[in-house]
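In the two complexes below, chain A is the common chain; its partner is chain B in one and chain C in the other.
The block that comes next holds the complex of A and B.
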């Protein structure tokens, strides 16, 4: 018998995610409203502007001479959204991949930092007059993935062999990475000392002629940072989807995730699989970092020992919003970076600031913790409607 | 030596009290990964409370007339505010994980994302910058206990003990140690404590004996939230000059590691947190530590990079966890939503 549209699991997941997103956005709007109405200097007009920017910040084109917000297609916003989504897709894939093996990869920020460091160091130190920049780009990308794989394998090893809680092990490796990256950049000669306004930053990779190809995408999205990285990220998502769902290796990993004892009894090497799974997750995070930092128009603030990159942590909401489906990660990452853009518009155009989009993301993650409850709610509503129709 | 002991206390006390917060939640069967977020939220609430109080005339008068007792009262009230609001914030986690049987790790992560976002959103709106400071003065001049607070002369020579434990210290730290002791005793020596722990080991059996598992788990996470909120404010007060910027430098996570290292047992946790406090103290002030008072700053002169000292607490945590995880005795039912039909 063919399944009904709403009885399909995938449809239910997507509906649950959309409900979560809507609740998140509404809570964001409520926060804006409360803050705006309780502060006399903001008032009802600013609330209206703030709320409309939360929902449609992507289509904002600034303010006109009269001071009212204008709307329309904004190529720069669209391009930047896709550019910001690129590393998010990768960290989302990283979290989703580990999740399939029953591991919570909160170590994505550390793996991302290792990828950042490796890709930048290689892209800036290989001589571009003797090696073609394209080759340098590829070497930097692969080495970044290797570094991330090593960094992911460490908590994987601790989990598999020593039974350490992987969440704590990941958090420790995050902070170790933050200090290590700061240390190695501190003693390197890659700190930007030429431009006085760029103190504290590492050179752009364009100093060595290395940059991701644009493939004409910047012509479509004028004035944005977009490049071919987004295509690479989408290809990765498709590849990971195939590995997880269509290969023996992926099947073994999923078996370990759903029941470690049973998979061991069936003769699978669960310890090895846990280490592999974390190593691949680490490589994916680091690849995201490489795609971001090799773009040629980004700069890295190297003294990072007190903070971890938000892109790493945001891999968690991306993966959860996509119900850990690799293809879903593409869309949830694009949605998250759309929120980012909306937040920036809020900061630039109103008295509110971009942190409201982080609040919305947090609410969505909170809801995804009991997505099963929401999914059941959706099913119930649908069923009730169906029964109503029969009568 | 005085400097090392005082700095160690500054770092160890928040770790200790927040690790106990973790114990209360996990002993009742709920994994509280949100400790970091609750700390951030508690720190903000406490600092905000201090800011509001500094707008009151009687508080300003008390400061001007050096009525230290009243200022200490403000400090205690701020701790209470942070604790109460931290507990309220933790209800989000309790509701999701107890009533809705949500994934506790994800719920905790959500709170960890929510707290800094909310705090930074509000701080930016209130101050137009990313850090909320006290509205006047600093933590040292308002709340720190000094020789003069106890009526000694400015140049009076105190003994080593007096110099270390009465001069340039915060009352909040001692209060936290006291609370730590009381709550540890409650967990092990009272009927309530026994029932709470039974819910973390075998909730089905506990329930069959008439214990309300839902209520006990709420009690566990709420106490946990209160302690973490308070710990957040104490950290902000003593280690961050009473300021809030949506960050507690990973102390919540470090506290979780301390809890695991301490095997969910208050006594070993106290020991572990002083050990980690010491490492934090070394990494923060290695250049000004004079171990044997001979005017030689040994740690600075060895020539090891400061980055190594900063990395040390985390590396050691990882190594220690590697050795202790095999024998770790986590509460058996932690992380598993309670299901009556499993009885």
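The block that comes next holds the complex of A and C.
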């Protein structure tokens, strides 16, 4: 018996994600309309522009002399979208991987911070006049992953040994990371080499030549920040997909995540595997941080220890929107970045502010948590169609 | 003459499909007022599905339901409750962290000015529990009480809602023999009061004892309804399985040879009271070619003994365990399982990963073997072929074969899958813990004959069982465990059920010569 197109699980998941996204976009459009109509400085024409930018901001190329919006391929928008998606893919993968092995990794922000700190400190402190910047890049990247792995392994270890809930341990390690990073940057001798603002510090790796290779991508997407990081992220997604679904290692991790007692009964080392899962999740988040911070054209602004990096938390909606499918994470992360770009276009080209796009993202985040519910709704509709057809 | 007024519930020509399987195919069931009506069928025959249709959990594709002769539509359990239908599910539906009282009133709370009237509810529950002799501790949390008490909570839930039609889905599967006796008496009491009862079981003696009529299902189809007084165990089992069933175990005299599993002064701490001993100085030898049974009433140290022998528990365990000549005391599970298969007591918790496919469950211990992987990559084709072979050989039935999710399979087929996996691992020792729990006669017959066949191939089978019938018919030698000690060591052919009962209850013990 061959399954029909809409009866396939993967198709249903994708449909559910698309439904969430559409609802998010529509609510965004409604907000734009209400704001536009109630604000005397905006009006009906601004509403039309706002709504079109929300849906198609990626293809906006600005305004022409007559003052109307122009549309077309915008390399800068595309490039920046892919560049912003890079770390999001990684944190999304981190959450998705942990989820597939039965763990909820809410520790991505902390792991991301540890990756940020490690990659920057190494990239800024190794002498680039004696060591090739490429080598420095690689060392910084690997060390960042190791730091993230350690940071992820800590909640994993507590869960394995003391059976504490990984969510609580992750929240704690997030804040420990935040304070640790503040403190270490504070006392580090890197201080002389960076600009220090009143509120915090800005670190960049441009000046010593450490930067991710562009591989000609900047020629295709002129004027954007894009580099080969996006390719690395996509390769990671493919690799994680293979590890989870095709290898004995992935099988073992999934088994332990799904039923710890049965796994122990089968002679699998469930404690070790929980630590492994969390360590890999941590390494993925930190790798995302390294890809972002080693780009060479980014700045790390760490104003206070009272916030955690949003990219870490956004890994959760990225993963949920993708139904925790690693390949799906690529698309959901790119989509979330597209909304960012649309938000920027909205601010630049109209009198709206960019927070409208945050509202849309927030709605999608909420809906993505309900993606399972939405999927069940899809299943119901499909089944009803099927029964109707039979009668 | 009988007319439709006599029936309180009629389910007519019910059909219900699941992906790949017709769980109920044109089934008719008529329930008389005040009768105990048994529903009999093998695992996966569709009994639970039919009852779920009546309780409003599933909507049938075809068929109608009559209540007192009038057609009704039962869209959800609330509709069922409104008609006075109550159900005790096969797997209880209680909130573990709530108290017994809260569980009973949950969803049917009396509320005054927005406050739950607990005192009133407590009084009503106490009266009911008094009246029917259903003893429960109202303030205990559900997670702390025994399975038997959980079931009484489920029954009280129905009574609290004044249900007149009571559905019991395999209520005896999880109970001890004493609790089963009590349940039978309770059910008869309900029927005498005019309540109508649907009782699902595949234990024939229970059905013969308690029911007025029996409806038999087989593979989703309706086979027939007969008066209990006019039938017998053999006829019922033949109807249920569709062929003559061997109710007795057929086996030759055992020919035990070398020792293959041995414990020396094994002592294990209790799971419940950490500072007490659950297994005390247990020494025994299992030989190749014999089925050795550890018999005893539940909770006399069997669980701890099994966990020690299988390597799951190591902390606090003293004494020696020798499997196939190798001292494995203190070693992890994989060292124990190198020469031992293990059919675990709890198939959901230990036996299967319910969210995995059947094929992935089939290779749970073996996926790292060279035939199933190359350099760390799973050889999906080999796994599929292997799983298909086991399914075929052990007659494991499921909706979609190898790719069925284990959770959607019926209990008996889940057990068959575990049995297939463990026996096919082809180890010297088979540790079988309650291998037929919750299975129907057809499945029990096949489990028993498999175990006997393995014995005849020269395997040593260590059987842990609570069922007297099984202990007496299947084993060659019996050790009785009472409060963690071995109190008897006898040949199965030389002991009667009564005598065994005395040992099991601690009323008698045998002096053993040191092993």
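One rule holds in what follows: the second predicted complex is superposed on the first by the 363 of 391 C-alpha atoms of A that agree within 3 Å, B and C clash if a C-alpha of one lies under 4 Å from a C-alpha of the other, contacts with A are read in each partner's own complex, and residues count from 1 in each chain.
Assume contacts are C-beta pairs under 8 Å (C-beta built on N, C-alpha and C of every residue); 3 or more make two chains touch, one makes a residue touch a chain.
Not measured: the values here are computed from a predicted model.
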Following the superposition defined at the top, how do chain B and chain C come out on chain A, clash or fit? clash
Is A:239 touching anything from chain B or chain C once the two structures are fitted on A? First, second, both or neither. neither
With the two structures laid over each other on chain A, which partner does A:248 touch: chain B (first), chain C (second), both, or neither? second
Between chain B and chain C, whom does A:34 touch in the aligned arrangement: first, second, both, or neither? neither
First (chain B), second (chain C), both or neither: which does A:262 touch? second
Check whether A:381 is in contact with chain B, with chain C, with both or with neither, and answer first, second, both or neither. neither
Per the overlay, which chain contacts more chain A residues, chain B or chain C? B
Region of chain C that runs into chain B when the structures are aligned on their shared chain, from 80-88, 98-106, 368-376 or 494-502: 98-106
Hey, which residues of chain B end up touching chain A in the complex? 33, 92, 96-97, 100-107, 109-111, 113-114, 116-118, 120-122, 124-125, 247, 249-250, 253, 256-257, 260, 305, 307-308, 310-311, 314-315, 317-318, 321-322, 325-326, 328
With touch defined as at the start, can you tell me which chain A residues reach chain C in the complex? 1, 246-249, 251-252, 254-255, 258-259, 261-267, 269, 387
So in the complex, which bits of chain A are touching chain B? 31, 35, 39, 104, 106, 158, 162-165, 167-169, 171-173, 175-176, 179-180, 182-183, 186-187, 305-307, 313, 316-317, 320, 351-353, 355-356, 358-359, 361-363, 365-366, 368-370, 373
Tell me, which parts of chain C touch chain A in their complex? 20, 61, 310-312, 332-334, 337, 342, 344, 349-356, 360, 364-365, 367-368, 372-373, 376-378, 380
